[in-house]
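Just so it is clear, A, B, C, D and E label the chains in written order, and each chain counts residues from 1 on its own.
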Amino acid sequence: MIEFTTWDIIRNLLLATRWTVLLSLVSFVGGGTAGLLLLFLRISKRKALRGFARYYIELFQGTPLLMQLFIAFFGLGLFGIDVPAWLAAGLALILWTASFLAEIWRGCVEAVAKGQWEASASLGMGRFQQMRYIILPQALKVAIPPTVGFSVQVVKGTALTSIIGFVELSKAGTVVTNATFQPFTIYGLVALIYFALCWPLSKSSQILERKLNVAHRNH
Amino acid sequence: MSLIEITEVRKSFGSTEVLKGINLDVEPGEVIAIIGKSGSGKSTLLRCINGLETINNGSISVAGAQFIDDELHLKALRLKVGMIFQQFNLFPHLTVGGNVILSQTVVKKTPRPEAETMARKMLERVGLGHKFDAYPDELSGGQQQRVAIARALAMQPIALLCDEITSALDPELVSEVLAVVRELATEGMTLLMVTHEMKFARDVCSRVVFMHQGRVHEIGPPEGVFANPKTPELRQFLGVH
Amino acid sequence: MSLIEITEVRKSFGSTEVLKGINLDVEPGEVIAIIGKSGSGKSTLLRCINGLETINNGSISVAGAQFIDDELHLKALRLKVGMIFQQFNLFPHLTVGGNVILSQTVVKKTPRPEAETMARKMLERVGLGHKFDAYPDELSGGQQQRVAIARALAMQPIALLCDEITSALDPELVSEVLAVVRELATEGMTLLMVTHEMKFARDVCSRVVFMHQGRVHEIGPPEGVFANPKTPELRQFLGVH
Amino acid sequence: MSYHFEFSWLLQYYPQILKGILITLELIAIGGVLGISLGIICAWTRALGPAWLKPVVAGYVELIRNTPFLIQLFFIFFGLPSLGLQLDELTAANIAMVVNLGAYSCEIIRAGIQATPRGQFEAGASLAMTPFETFRHVVLVPSLQRIWPALSSQVVIVMLGSSVVSQIAAEDLTFAANFIQSRTFRAFEAYIVSTAIYLVLAILLRQVLGILGRVIFPGRLAR
Amino acid sequence: DALADITSRGTIRVAVPQDFPPFGSVGTDMAPMGYDIDMANLIAEQLGVKAELVPVTSANRIPYLQTNKVDLVISSLGKNPDREKVIDFSTAYAPFFNGVFAPAGLSAAKADDLAGKMVGVTRGAVEDLELTKIAPADTVIKRYEDNNGTISAFLSGQVEAVATGNVVAAAILAKNPPKRPELKFLIKNSPCYIGLNKNETALLEKLNAIIAAAKSDGKLNTVSQKWLGTDLPADL
């Protein structure tokens, strides 16, 4: 059996971490965009659109991400649609992220005072203009800490893409463990790398939140 | 033809009818004070005129155009009628200037330099030209309310609706806002204002509307309404026995 | 020996001294009104007596026991002195009865049936026996404040501190709370109250304390203080010239 | 589509699925009750507790929140035995759930405590309650009520996340799905059925928590 | 027709394990290697096409096949009637000597001796299917997600015994662990098969021909020597 040096282990884990980071970025950027769209549907005046968004969120928040990934990759394949793994992973992560972000952001939009809607309406703004110029800029401030906080869940969520063949950080950990029989060293390293990725996000979310609270008190 | 024609307007929230058939015609240049007890429907009436609430019955027309509840008609209506609220509702993320410019550029597509000129002019008019770059939370309540007035005026409405615009102000700040309104009145702006400032209503208004339980209970020139209230409800409201 | 002895009490927040040497003795059964401008230190004084703030200097003793800042002494002190706040501070998750019972069972370890009897008695006393099972948010402000009084009374304090207990109430609800306080006064309860109700202070209190810039600026029976204010500050505060 | 769905195996394997559902429910019941209790203790420590304990709890919370659940599970199941603590897979899974939910609910509950109006603490104090008594009888319940929706969502998230306990052979719902697909090679059917069951469980759990919230928090919050 | 597709495409896509040494694991460059990988390359060579290796896990190897993301599964598959309803199997291409292993202290000479004992296996692997058949009812079988789980469980004492391939056990022994797995008894020589989609008769026949040829010309024996350290058994 081939011997892995400690450096081999670390190198391979770090190489796999690139996928974790890339997948996180994709799901975050894509999920943010889709989440914004979903947010518009969720607070739309049209009942059907609101209902659609509600059921969408219920579905994606109510089933394990693992199963969503599986169905995105293999389920579509069953219908003869050949989805490459990166697309399926991206798609599932984006849809999943969107469902959470839309819900987080809805709370932030609802936190904007009702008077702001009325004042902008009485100035003749349409609904999109109200969102674009009045509501979102104010909601954005409140939304940053929970959004950054949620990104930690996204980073950890990418671990599940191994079901559709991605050798990202945790899968690489398993594979290397199988080649070396050193589970504790390797899972320790894996945990450490995750912590190094996630902790700065958690921390900055906390700091932002504290800053915001101080800013609020000054008003 | 009157500027604002309100005919048999009814409005319910759920099963409670808040406006029970309102009729009111406002001529250009009129200054109308709406008074009445809390809950009598004053705010609701103003909100209906501005399309913030949809009416269940009757009709409202402004400058000949009837009020229909779709985005296009609503926008046309709101361009004609400005509204000012008790809580100022300035946009906290924009400067004073930004507050006055925004709706011009967004709604009317006025080019930015023109909008800015207009904004400065309107802010001068309410005595706040020097606060152009300040943020709302750096202003006193009275100043904020004057910015709100400037913001509405910049849209060049043909009438202005004011809902208790001095009620949230500390007593020493009320007069500065009323002074601005008084000036608007003398300049010929059509004004519909809900107010508790009886002295102001008496001095400035052409007509006073007393609302009671969702109806126009008494209406007339201030001298008549304040000096000779006809109904016991108005007498009680005014505290004369 | 007085019931409450306040000697040379000083209190600073950071570098600003809010109480600058307060001396005040309160005899059993006295009803004392504390008046003064906003920021003069009235609330801070009451909070010091109740141990919600620790004093920097001087001493406070209640019924002979000196106030020391440890859990045991604090508890003993607070069992003797009840406090009622401007914002009622009822516990929203408990019924009215629960609010009055809780501290008895938790702090005094009164068995539940006895605590309940006491709670009913105190609620009757403030005229709210029938609201035993209601939740605080189902009550008007005046009723909530009366529950707060009942809650404090149920601990059988020897004195009661009231900090602007009617300031958060709508005008029509003030009198029902004052009526309760008036009754307590006639029953001989020792009361220290910060209040803006001058008429009430004049009618009910044995002495009036006028605070100014962290000091007891003038003190005396209400007839003296209100009719013949000696210092210009008090005259200005009372609006007599 | 050439694939033919075939669910006849349900007849043969439904005991596994039922067992899987029960174990998933057990995990979330125990994890929920003990995890939230742990969260309350930690939240108290972080908000009001002794100074020396605060960094310990903060470290625990950060560690758990910033590493994947699966890795935590592996450490408890495969790692603790080397320290002489042998746990069967269900106990290990339960502990991992409690530790995980404990950290998340700690942060949520702490936010609830911090949003408590100061007057509530002062009213408690002026009624001669100790700080702990005030926390226990006055602050805690409204704080939980304030954050109950957020806490409920977290419980559902943790329930869905529990699907990885199958990796240490705990026979939960995902284990049942994997077991069935390993025998019959009918992965789609197995995953579709288990996904649907998870969705139903998630919806039911949310409902139950909502009802529970209304039962344990009858009064309305002061604003 | 899968065979025609493969030839016209010029590559054959094969699902291989990467967490099941010595059949499939990775080298220090994370590239797959092992018995199954050599087998895949051998088949590609015989077909005159390139092999495209797709690493899979026990949970997703069949979906890969069913959704036409791979042409073959060479992933130490065992056969059972339920599985045969869903996919087709070639003739056997590898022996699988699996047995029950435990530390010296535990005595278990035959399956019946496992009564009341806790045995770890890898879920869905050949030994899982076999042990489930022969173990007494009160044997507690713990099924782990992958080989790594099974081995970790054994080494950390979470199970008393494991059922696994003897080569796997040898690999553990080579690491000189605290617990030394000794062979207690052989379960059954249950060979591995290549999995392919149903109704691909042409491909199946071609595969069987290649396997038969490789057996007779000794190529398969070389693979066996390389990874398993023994000759191919005669009865394969």
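One rule holds in what follows: a residue touches a chain if its C-beta (ideal position, glycine included) is under 8 Å from a C-beta of that chain, and two chains touch if they have at least 3 such contacts.
For clarity, every value in this text was computed on a predicted model and none was experimentally measured.
Between the contact lists of chain B and chain E, the overlap consists of A. Identification of common neighbours of chain D and chain E yields A.
Averaging Cα atoms per chain gives one point for each, and the point farthest from that of chain D is the centre of B.
Chain C is reached from chain B by a rotation of 175°, derived from superposing Cα atoms (nearest 5).
Using CA-based centroids throughout, the chain positioned farthest away from chain A is C.
Chain A and chain C, compared by their mean Cα positions, are separated by 53 Å. Separating the CA-averaged centres of chain A and chain B is a span of 46 Å. In chain A, the positions touching at least two other chains are 70, 74, 78, 183.
Residue numbers of chain D whose C-beta contacts span two or more other chains: 3, 74, 78-79, 82, 187-188. Pairwise, the chains that make contact are A-B, A-D, A-E, C-D, D-E. Against chain E, the residues of chain A that register as touching in their complex are 1-2, 4-5, 8, 12, 15, 70, 73-74, 77-78, 82, 162-165, 167, 172, 174-179, 181, 183. Only residues 50-52, 71, 74-75, 78-79, 82-83, 85, 87, 89-95, 102-103, 106-107, 135-137, 148, 151-152, 155 of chain C touch chain D when the two sit together in their complex. Note for the complex: chain A touches chain D at residues 58-59, 61-67, 70-71, 74-75, 78-80, 152, 156, 159, 170, 183-184, 187, 190-191, 194-195, 198-199, 202. Residue ranges of chain D in contact with chain C, taken from their complex: 117, 119-120, 122-130, 133, 137-138, 141-142, 145, 217-222.
In the complex of the two chains, the chain E residues touching chain A come out as 18-22, 25-28, 30, 54-57, 59-60, 63-64, 66-69, 146-148, 151-152, 155, 171-172, 174-175, 177.
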